[in-house]
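A, B, C and D label the chains in the order they appear, each numbered from 1.
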């Protein structure tokens, strides 16, 4: 029941973000939406994900957005205009997704295919094969360790690209741009 | 950035605690929620707090950009290197079983090392991001 | 299939579509990135709800626990969160650079600026069309 | 070590990238990246030979058997695509040395080469893996590296192009993520083989249909399939020369490979084309791409712009062959995927040479190029002929197969479409060639590009001629890839 309420709250926050006229408000509300999602993840027994979403979504991501906003200021308030073609595309896409959820296995049922196959193996074998209690860590670092290697490479790639874009004092870039 | 006395005292008190928490999260990931990624982010958060309160020059003095660049690369090298080590030890890529005498000990060692790689790269990159964006203030 | 059982998916779709709308329709470059963040957050929820099991526990093995939620979606989403923040950071860096070199981060303004340059100066050399705010 | 080659292929550039980023000088980074690209090509070629001799190679990462762990799975199709990516990389890296020196600030060159290596890592990883989520991770590695690399372009519009690609690309990747999430919810697995085996049981569900649509739209953005191609022209046009030469020949090709893998190997033709009739949608989009993009190419005033729109049209050709879903249609599709990489790589490389010497690539810059840069201009002509599809070039072979496939399927309007689009290619290529050879230019000084650029360029040009005359190798490879696809899901 709490999760339903939170979910409703999340949807309302999303609408508030799209309707906000001021980007600062939008950024702060996005941080809030991450926090709500983190609570939802916790309610859905995903402690690691909740932890990460709180630290990244509500923390780092919001911070970076604020810093970027500071760098690009001043920003004029957005006119509240509806872009109809985009709205139609989005409604079509949303309709397709809603249609797609109709045959999803029931929410939270232990008999769902997701819980029968690979997922079950992890829960049953982690103790014997890996020997750590946190199954998420076992899957993350070992069973699907290569994904996590890829994830580290993604972080490295983004860091490198950002550094090359804005990593030196702005004065130097302006001299270069003006050349 | 102007230094506010209360802010800087609170920060000086808080930052070591947050750093400590980051290490706890790093090494406790086997047992509870957490791991290299979360630890890296929390570590970075402590440094970013320092950055916000004491300014770029003071923070850069403790953690120079050059070190962070090496750190970001080092984490990837550690993780991918563990994979190469398991190849050399006769296993498949990232097969930690062969890293120690028995499979479970090997898994423990492997997970410890790769989580360290994750933590180092994530922390370094997040701090680098904060440095980069902070330098771009509009009135800079 | 009961309506209530799918309510959570539909609420998430609303969030998803709000994000998608922001990303394609709003003309502030920052807000487009916010839209993508929102879209991704909703996808995270979708995955996590696939992994949920009623009356189960966090997938950390403990004595006496019978049922755990599925750890695999959690792992996938941990990766996806990281990928998401990486993309956001790169996007923000691009926005900062665009602001510095165009003096604007409004899609409509930028489009008219870019066209102007293209029409007036067909022989642009490197970097000579910069204007500083 | 021989058995570990499938993973070393991806890990080698992955390890080299951080090292590259730490090197102090661009020159050293370039040498390292070039050496790695050649090693990667050698590995990819040896893997292709092994796949042909011994059959499919499966490599269980972490020692965990699929579907518990992630699997690398090489067959006649993706081993070929890997060789293609590696070969283009091995040509572009030596080529890039001089142009990067000219276009990129010295202090950013190591980072540039590190990102290029990461891009190669990402593309090779996407191709090698047999796990749909691992595809997502490597797709993001290649995408983030691409956004960063495009932003290196000196024109400020490069930034905007990179940003727009980032927004669209992220939407595409997220749609893909939703799609595979729904498939996972239905089947409980992420392994491609396992997914293919479990999908038929749930193929009738609305969820599966939605999942396919989302995956296809997501990949459609990445491969720049009309009308999802809007990010591509400016991205290719304003990127640094080396990146404009590398991307069109590889990135869209990898996305197309992925689409083929999903349609034929995971969903199965019977489901994706038979029941959902996706082939008709793809045919219509391919036709629209060929006509509208060729038309747009004819109106461009910048040669890189012409080539970029032409790439959108060529994606149409490749999809056209695949949508016919016949053995000869697929062979044509794969042949064109391969040949188009050769010709577009060469054409964009020629423009890299022009960029170096003239400093711009608009039509005015081309005037009198035949005298000023005879070798570069000649290379452009030969590769341009291949793009048009003139006999004795590689482009002719793939279009010939495409026409045969259309005739065999009884779709004769498609034959007319191919001819019309080729005619349009003739027009836009001719515009450039005419200016290069028949337009007077006040400056008649000869200033040919350096050998380090001309040699890789001419290697690709000669490949265009070679595969236009001796088709045994290319057709055999395409046919072996085709057989993998026609065999369908296990």
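Note that a residue touches a chain if its C-beta (ideal position, glycine included) is under 8 Å from a C-beta of that chain, and two chains touch if they have at least 3 such contacts.
Small disclaimer: the values here were computed from a predicted structure and weren't measured.
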Comparing the two chain pairs, does A-C have more C-beta contacts than A-B, or is it the other way round? A-C
Whole-Å distance, subunit A centre to subunit B centre, using C-alpha means? 20
Could you put a whole-Å number on the gap between the CA centroids of subunit A and subunit C? 7
How many Å are there between the centre of subunit A and the centre of subunit D, using C-alpha atoms for each centre? 29
Report the inter-centroid distance (CA atoms only) between subunit B and subunit D in whole Å. 36
Return the residues of subunit C touching two or more other chains; collapse runs of consecutive numbers into ranges. 16, 20, 24, 33, 50, 58, 60, 72-73, 76, 78-79, 82-83, 86-87, 89-90, 92-97, 100-101, 126-127, 130
Residues of subunit B that touch two or more other chains: which are they? 31-33, 37, 69, 72-73, 76, 80, 83, 93-94, 96, 122, 129, 132-133, 136
Junction residues of subunit A, two or more chains touched: 47-48, 52, 56, 60, 64, 67-68, 71-72, 97, 101-102, 104, 112, 114-115, 118-119, 122, 133-134, 136, 138, 140, 142, 144-151, 153-163, 165-166, 168, 170, 176-177
Among line, ring, star, complete and other, which one matches the pattern of chain touches? complete
Report the residues of subunit B in contact with subunit C in the complex, numbered from low to high. 31-33, 37, 122, 129, 132-133, 136
Residues of subunit B that touch subunit D when the two form their complex: 69-70, 72-74, 76-77, 80-81, 83-84, 87, 91-97
Enumerate the contact residues on subunit C facing subunit D in the complex. 16, 20, 23-24, 29, 32-33, 36, 39-40, 43, 46-47, 50, 72-73, 76, 79-80, 83, 86-87, 90-91, 94-95, 97-98, 101-102, 110, 114, 117, 122-127, 129-130
Spell out the residues on subunit D that touch subunit A in their complex, using ranges where they run on. 14, 17-18, 21, 61-62, 64, 67-70, 105, 107-108, 111-112, 114-115, 118, 121, 125, 133-134, 137-138, 140-141, 144-145, 147-148, 151-152, 156, 178, 182, 184-190, 198, 205-211, 213-214
Give the list of subunit A residues in touch with subunit B in this complex. 47-48, 50-52, 55-56, 59-60, 63-64, 67-68, 70-74, 129-134, 136-138, 140-142, 145-146, 148-149, 151-153, 155-156, 158-160, 162-163, 165-171
